[in-house]
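Here come two complexes built around chain A, the first alongside chain B, the second alongside chain C.
Here is the complex of A and B:
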């Protein structure tokens, strides 16, 4: 009976119903779509962070993270390699790298970069660089003088493929190591900062230049499932003594990203609440108007013997219909806009300079997180009914006498 | 491929033989080395005015310098008083600087090697790697000129493959009496970046020597650094303890 009554009641004034439903639709759409955008941004940040030479777990020599100098290299990589191949599950990918701060020079320019010595074959399956080379070719394992630099760095240095770049850094003996490389590849990255910062050479040539012997700076591990990071890091810590090795997961390696992720969680729920508050006033107002218009009617129902609680239920049913209809349409619209953008993403490259500062990508792909959808719909439904309780109770309070007196 | 390179090789031999005669082709490496050694002497003491000129301003520093052989040198600023005592010690490819205001010696890290020395148009690398022209380049005489009635060899020096130098080419002009007239630095597109020229050749301490050196940035007329020798003494040797960190702190002891 309530359902029938409520359904008929809301369509007694279709224009009003449609207006408030539109408000609910826009509200729900905004929650879902903007929520998905924020999730997209944060997911992209995590992915960028992990593929930009981080991985899920890293092993360093103790102290390297605080002071990344060449003296803090791992001088017995075979210990680490043995531990990794024993402990890691077989579907895990890992690689070793040399990473030092260096100065790149050519005839007219010089600037600081991070020199990364990589094992080309293993690295390609772990970090972004495997797919990032857009001009020239990726490094080969026996490439003694090849170097891959970012597009932004190439532009800054007015250089191009085939040109020479002289790198200088400190070697293990405290002397100045310098070596000439030829640019064999130019890579593009999500962020310009990455393109400017990293230059890649083979690990053998980096070790030779820095007189490192077999030494490495870090081992980077990419797990099949990132959720295992903590567990596997713990078992690695059991084998590699903390006195000489640091084992860290991406959460510790990327503290900024971790903090932003947490912040976004709260930000999304706050956003839901803000949208709802705006929407809630509309709902209360509409229902209240609908109730006041029908004072005589409610009086009559009461006179006919309808209990106050039934009237409350009836009004709440009306509001329930409004909310459900709005939610369904809002969800459909929200999903549709997310899917429409899933292929192309939103290109923010016009704003990218400012965004890069916050570690964001040039193109944002919205991501739907079930938790957020459920939360958005629950917020609208539960709080929507809660605020409608006020006009509903108001309706239930009219006495037949007062209602009849009301004209 | 091999055949082709042999042909090119012989062709260049023939061409250079026509241009400058076979004698020079053999001698060019020695010529450069001898010129560098002549310029540097066994050991030397000098007082130099260094003028740094920029569009907006100009300043002059007076520097006392000691050099010994290919490896060691010590510079200290004596004027203006504000900069008095600032010093640079070079041993091999390593450099230290001393600042009396903070009373501290700093070993130059690689990151500072490509920066300019004392704000001039010379980089720390220019000082630290002064032997680079001998070790890292292959030289070829590509022309001759005359200067004050003497023959001048124009030498084109190309960096050896994989040599850790940034220049794409250098051009040297060396007079037959081993005096460097100019050294030009080119980038990999063979465009001029900067050039150093020596002028006012006169007899200093019994030896012909350009008294004024000028390092000039290409296309920037009013950006240059000029070195003018006030005093220059060539010595057979200098004591080894002159080129130590303690004498960097107390120069001219």
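Here is the complex of A and C:
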């Protein structure tokens, strides 16, 4: 009976109901849609971070984190490789790399880069570089002098495919190693900073140049499901002693991204709350009006023997219908806007340098996170009913005689 | 008119609970906007000032193309002539010259690629904050030659300390190999990781010797009294530099062109902020639309009477509009006051955003942030609320136009 009574009551004044429902709908839509956009931004950041040579887990020499130099390389890679093939699930992909700061020179320019020695075949399945080469060709395993550089670096150095590039770095003996490479490929990346920073050669030629023997700087692991990172990292730590190896997950490897994720988490819920407060005033006011114009009615109900608690329940039922209708429509609208943008995304290329500065991608795709949807709806429903309790209790307090005499 | 104001005022308080709730909604929105915008503007100010003071100054003279390529050969060949132009521009407070070269720098057991910058110690101290950033050792003296200031993170990476020697190896202006031995005189820390990890400062004169600069520099950096002077400085400096009659290779760039990333990320932040605020205010608007609507619909009979005794619809509408506008203004004024007070409190005490230092240092921001209450932040915030609320108030008032006295009086 409450349900029926409540339902009919909210449609006694359809305009008022629709107005307040619109407030709820826009509110819920804003929560879902902007929440999804923020999640999209952060997810893209994580994905960029992970494919830009990070992976989900990395293994380094124990001293590498403090001091990322060539002496802190893993000199017995076979130990790591054995551990990886024993512990990792079969659908995991991993590779080894040499990574070192270097100076790139050509006849006219010089600048700092990160030299990355890769196993071309394995690397392609893990990081962005496998698909990123837009001019020339990707590295071949036996390529001794080939180097792949970013488009931005090529522009800065006034160079192109087929030209020479000399790399200099410190070798394991403390001397300066240098080696001339020929540019065989040019890659594009999401971030210009990536294009400027990384140059790729085969791992064998990097090892030879740096007198590294079989040594590697890191092993990078891409899991089938990133949520397993902590668990698998722990079991790797069990095998690779912490005295000589350092196992880190992407959260530790990408502190900036982790900080952004944390901030967004916090910010999304704050946004939910702020939006709720904005519509809360309207909900209270509307229910209050609906209650006050029916003072006589409530008086009569009470005179007929309705208990105060029943009146509270009746008013709350009305508010419940208002909220639920608004939430359903808001959710539908929110999902629709997210799906409408799922294909094209929001293109912010016009502000690309600002995005670069903030570590964001040029195109933002909204992402729906179930946790956020549940939270948004709960905030609206629970807090909505909570603030409606004020008019409901007011309605229950009317004394029959006074209320019925009210005009 | 005065009777209408009186009527409006009394009508507002006929249902005080409702009016108070409506006003509170507007106060909340205004307060939030004033605070958030002050916070945003404050952080932009900090960001710009830090970056300008550490890196670019307000306006620079460079060779064309130097900004993008940082090629050691793209020089300002005769900085003295530029200085002469600068001295004629009253808006420029201080200026200095710098030269940069990317070099390989080695300590006894480490080697890193570093941006070596030649600075004029005395003049640099007036333009940038570098002198204040020296945490250990001392700042460069004017007569120093083979001395250097090293970023803190770089010093850690190179495993060096005050008094240690560094060997720098780079390419001179003429393409020759440039090599120098530098003694570390001071270690600086700006809080901006990239700068602290990647830069060494040395005296300009010695830099010019080592890199065969033949008296040339890469940047002539100027600083005006405030950001507002930038436009004027740029114009006058531009005219002056063109008048110097060299081959037209020099360009005049302001800080926005030198650091487009900062400008755009501010734009991005501002635009996304405004979108959020507008959505928020629209939710508030629908929240209060009902109050405005009800205030009119529950009084249909009353209006019928008023019209029957000769009140025109125009006058009635004016009186009703006045009612909504009064509510709006009360809300906005209270919102500005309370928002201003909250902002003022944090402007004095600062907001500690703990755990976000990693994030903030990316933007050159300190962990404790200070919102900046300004005419702009208050008027933008209040303005958005005002416009949207007034638009909301118009719709119900227009409904009155269709009222006819007799029908209105019989309405329930």
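Brief remarks on what is shown
By definition in this document, the second predicted complex is superposed on the first by the 405 of 407 C-alpha atoms of A that agree within 3 Å, B and C clash if a C-alpha of one lies under 4 Å from a C-alpha of the other, contacts with A are read in each partner's own complex, and residues count from 1 in each chain.
The definition used in the following text is that a residue touches a chain if its C-beta (ideal position, glycine included) is under 8 Å from a C-beta of that chain, and two chains touch if they have at least 3 such contacts.
In this text the structure is predicted, and so the values were computed from the model without any measurement.
In this overlay on chain A, chain B clashes with chain C.
Of the two partner chains placed by superposition, chain B and chain C are both touched by A:103.
Using the contact criterion defined above for the overlaid structures, shared-chain residue A:145 touches chain B, although it does not reach chain C.
Judged by the touch definition given at the top, the superposed model places A:284 against chain C, while chain B stays out of reach. Of the two partner chains, both chain B and chain C are touched by A:112.
More chain A residues lie in contact with C than with the other chain of the pair chain B and chain C.
With both structures placed on the common chain, the touch criterion links A:170 to chain B and to chain C. Applying the stated contact rule after C-alpha superposition, one finds that A:178 touches chain B and leaves chain C untouched.
In the superposition on chain A, A:67 contacts chain C only, with no contact to chain B.
In the superposition on chain A, A:34 contacts chain C only, with no contact to chain B.
Clashing C-alpha atoms with chain B appear in a single stretch of chain C, chosen from 63-71, 171-179 or 315-323: 171-179. Touching of chain A by both chain B and chain C, each in its own complex, is seen for residues 101-103, 105, 108, 110, 112, 168-170, 176. Here chain A touches chain B in the complex through residues 101-103, 105-108, 110, 112, 145, 159, 163-164, 166, 168-170, 175-180, going by the rule given at the top. For chain A in complex with chain C, the touching residues are 15-16, 19-20, 22-23, 26-27, 30, 34, 67, 69, 101-103, 105, 108-113, 156, 158, 168-170, 174, 176, 255-256, 259-260, 262-263, 271, 274-275, 277-286, 288-289, 293, 348, 351-359.
For chain B in complex with chain A, the touching residues are 93-94, 109-111, 113-115, 125, 128, 162-168, 185-188, 193. The touching residues of chain C, counted against chain A in their complex, run 17-18, 21-22, 24-25, 28-29, 32, 68-71, 73, 102, 104, 106, 109-114, 157, 170-171, 198, 260-268, 276, 279-280, 282-284, 286-291, 293-294, 298, 355-356, 358-359, 362-363.
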